[in-house]
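Quick heads-up: structures coming right below.
You will see chain A twice below: alongside chain B first, and alongside chain C after that.
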Partner chain A sequence: MQIGKAKAEIEQLALSGISIELVTQGVQPFALVGGLEAPSPPWDRKLYDILIAIPLAYDLGTALDGFYVALPYNFQNGEHNRVNGQVVSVQNRDWKAVSWHYPDGKPFRFEVDNIESHIVHCRGFFLQRGAVNARA
Partner chain B sequence: MPEHNLRMAAADWERLRKHCSPSFRGRRNTEYGAIGLLGKRCVEGATRELIMSEIVWPAAGDILAKPDHALTFSSRYMRRAHMAIRKKGLAGLITFHTHPRADMEVGFSFYDDDQDPLLIENLQDLWPGTLLCSVVLGKNSQQARLWMSPQERVKFVNLITVGNELRYLPLNGRPSLPAPSPSEIFDRALALTGSGALALLGGLTVAVVGASGTGSLICELLARAGCRRILVIDHDVVKLANLNRILYATRKDAELRRPKAEVLKRGIESLGLGCEVVAVVGSILDDNVLRRLNEADIAFGCVDKDYPRMLLCKYAFQYLLPYIDVGAEIGGDKEGIVSTDTRMNCVAPGRWCLRCTGLVTARRLAFESLTTAERNRKIALGYSDDLLLKQPAVMDLNMRAASSGMMTLRHLLQPFLLDPLPVTLAENFVTYNLKPIASARSRKDNCDICRSNPQHGFGDCGEAIGLSAEVAAALHSEDN
Partner chain C sequence: MNTERVVGVETERIEAIEGQVKEVVLEETVVEVEETKEKHEVELSVEKFRGPDRERRHFRMPREATLLEVLDRGASELGEHLLPNPEKPLDKLRGVYKDHETGEPLNLELTLGEFLREEPRTHHFAVELVLAIQINTRWRIAPEREMTPKQILTLADLPWQEYSLYYPCDSVDPLPPDTPVKLHRGERFEAQRDGKYGDEARNADRES
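The block that comes next holds the complex of A and B.
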């Protein structure tokens, strides 16, 4: 696997106080990020855990895209229309894929972006941008 | 006794020759030299080639040389180079020095014969297992030897310089000999590939990664050009949908799901041209399969995915192996055919990797390097449809790509192009356009693959490039 860079980034983020660990399902690596802040309401809690799939060729310069949210969750007493993907079981918990992508004109750039910046991108889902998308 | 080759980037060889050139000018007869760091390339555990990873250029006072006296490297210089190989986990040191009076032929002096065993003894006292390669340069020739221990010495055959050309220089202290005449079968190719290059091609092992439409044509072209050993690597089996473009594949092969590599071996060897085909049935993503490239002198990439392309690029710079990537693509919409493209990229030290050329994209590489289960979850989200399109493929277009690749190999062995080999050679048959693209459109001047690769020339002393068999299988499980 070419994920040495991902491992190093995750270690560095953990050292800086972010709740993050590298976990796997079979041979697929994920970054499990804990405690992402969310406004409640509309979300049913203040902190959410997410899962980010790490491509096996991460060190060769891949993009990161989308994430999974831990189940169960509740948004405005119901479901969020972008939490519309498949469910995966990792670390004895169920996670559902969120359709949360980079805009066409502003893709993930492996030269400057990394797991930390992707977490910031994912966090946008729980904030106003995500809520706006849900109403659209 | 085993015989080895020495491999280095053409740019390093040119810099080294330039650095040493004052030795051969004027009448002062002063020796010049430098020290390099060595990686290695092994086949079945035995060293096959030494690779010069980098030159540690001497600083002021590092070389003690007087006219008509033998050159001495300072202990400080030796220590610096030795610390570098220990820190990087490399195989050993290579020393270069000139013999200013050697014009056509050059050989080691008695002084060299006395000093080299002492040097290897000292180096191995400090770090057991260190290898020492010693090279003496004349004006028009060079000789080299490898010291495994103070008592054990191995000859070198060729110095292979890799860059915009692929040159084989003898390391026996004599200038290159005239090449033998080609056999009657191949003499019609003499105008394009002179007898020297033809003899060279006959002695090379060429790896062809991907045994489908383009790969099978490359094998055919190689065999008919006089190549005598081809290593074909492909994990896939013949299917009915392949029969429109894979040479030698039959309906029965598809029914029996015979491996493509084995079908190609059967077909090429049946030609009776004396070309041996070694079929490797496995994924190039698997490190055990990727390491089979250690047997090869040049590689063709005839794959349609970015992940194997990037691993081949990484291999090309870590092992200084020239890699020619070829591909064909038909673009269309509801109205009809929009483009019929073929493309050739040559990847080698001093040239650009496929990420910098813009061929490999971060998004596609990410998608292809997810396990099948995770990729399927991504597909279900509906944002990857463009990455799933089955590429139309026809033999006539594959032929144009294969032809570009083969002509490029001929050029590497015996340059004939008027302008430097372009970064990308692109052809669009719809617009009758053959376009040499001289720039890398996504170039990164600090690219960690092709510009400042921390494992440049490390060979097997560097980290594993491929995946474990288990992980490679997890990526391929949907392909069949």
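The block that comes next holds the complex of A and C.
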């Protein structure tokens, strides 16, 4: 597992006041980010916890992509069409993958992007900012 | 119990006026407070760097205090908070010298005692409150009062072709990329990697 850079980033983010910790499920590490602000309504609460899968080869430049949202959740009295992926159990909670990706031709770039910028990218989902390829 | 004594006052008799002697104070008064035999406090004054009114505040600090602590206390006396935090501020401390000239930003690791031994000597400081802004978790000093979102992103080492800037942070739409934004100290922006500015630029190229 080569996630030393991820560990260092998570440590720095935690020091800067962000609620974040590194958790693992089996061999898969995740960044558990707490208290992401969401507009309510349409979301059923103002703060959401999310889970970001850290690739085992993050230090080698493998990109971050997508995230998981804690279940249960409610969006406009129902489900959000982008919360449609697999369910994982981490830290005694169930989390569902959100199909929220980087724009076409602008993937996560290791030299510029990091966990911090990915968290903001995930926050854009709750704010319905959309991305150029994700206006659903 | 503390005892106060006035030290360092230099006076000079310059002329006799109607039989009286006028005394002119040449140097600022330094008040040392003796708490114990060894421990000394020094009276300091502080003002805002390039502040509109040059209003001074006076306080005392031990000689063992670092200039970082003087900066923090000085800012507090002036009713301000250091940014982004008192441990690693972007704000600066400067000495104020003769004719109200201010020096370069001081090394905050020096103790007050060490600083007071340096020439030229001064007990008067200026707190420079910089135009610190936050982009995601990155703090930067804005070089201008007004900057375009593209310039703000560049300042934060984020390529505007790939990121766009949001204010307020929960805004759904990004700021117009080339319209200057008036900046205020402590303001927080959010940069999201959604490529909207880059796409706008590309679309404009295609249309032209």
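A few remarks follow.
FYI, the second predicted complex is superposed on the first by the 129 of 136 C-alpha atoms of A that agree within 3 Å, B and C clash if a C-alpha of one lies under 4 Å from a C-alpha of the other, contacts with A are read in each partner's own complex, and residues count from 1 in each chain.
Everything that follows uses one rule, which is that contacts are C-beta pairs under 8 Å (C-beta built on N, C-alpha and C of every residue); 3 or more make two chains touch, one makes a residue touch a chain.
The structure presented is a predicted model; accordingly, all values stated were derived computationally and were not measured.
In the three-chain model built by superposing on chain A, chain B fits alongside chain C with no clash. By the touch criterion stated above, A:Leu32 is placed in contact with neither chain B nor chain C. Touch criterion not met for A:Val69: it reaches neither chain B nor chain C. Residue contacts after overlaying the shared chain place A:Gly124 against chain C, while chain B stays out of touching range. Once the two complexes are overlaid on the shared chain, A:Ala6 sits clear of chain B and of chain C alike.
The superposition-derived angle at chain A (between chain B and chain C) is 90°, Cα centres, a multiple of 10. By the document's definition of touching, of the two partners only chain C reaches A:Lys106; chain B does not.
In the superposed model, A:Val90 makes contact with neither chain B nor chain C.
After overlaying the two complexes on the shared chain, residue contacts for A:Glu116 are found with chain C alone; chain B is out of touch. Measuring only between alpha carbons, the smallest separation of chain B from chain C in this overlay is 16 Å.
Chain A residues in contact with chain B (one complex) as well as with chain C (other complex) are 108-109.
Looking at the complex, you find that chain A touches chain C at residues 13, 16, 18, 37, 39, 102-103, 105-106, 108-109, 112-113, 116-117, 120-121, 123-124, 127-132. Contact residues on chain A toward chain B in their complex (touch as defined above): 1-2, 25-28, 53, 55-58, 60-66, 84-86, 88, 97, 99, 101, 107-111.
Within the complex formed with chain A, the chain B residues making contact are 307, 310-311, 314, 355, 362-363, 365-371, 373-374, 376-378, 380-383, 444, 449, 467-468, 470-471, 474-475. Within the complex, the chain C residues that touch chain A are 136-137, 157-159, 162-163, 166, 170-174, 190-196, 198-199.
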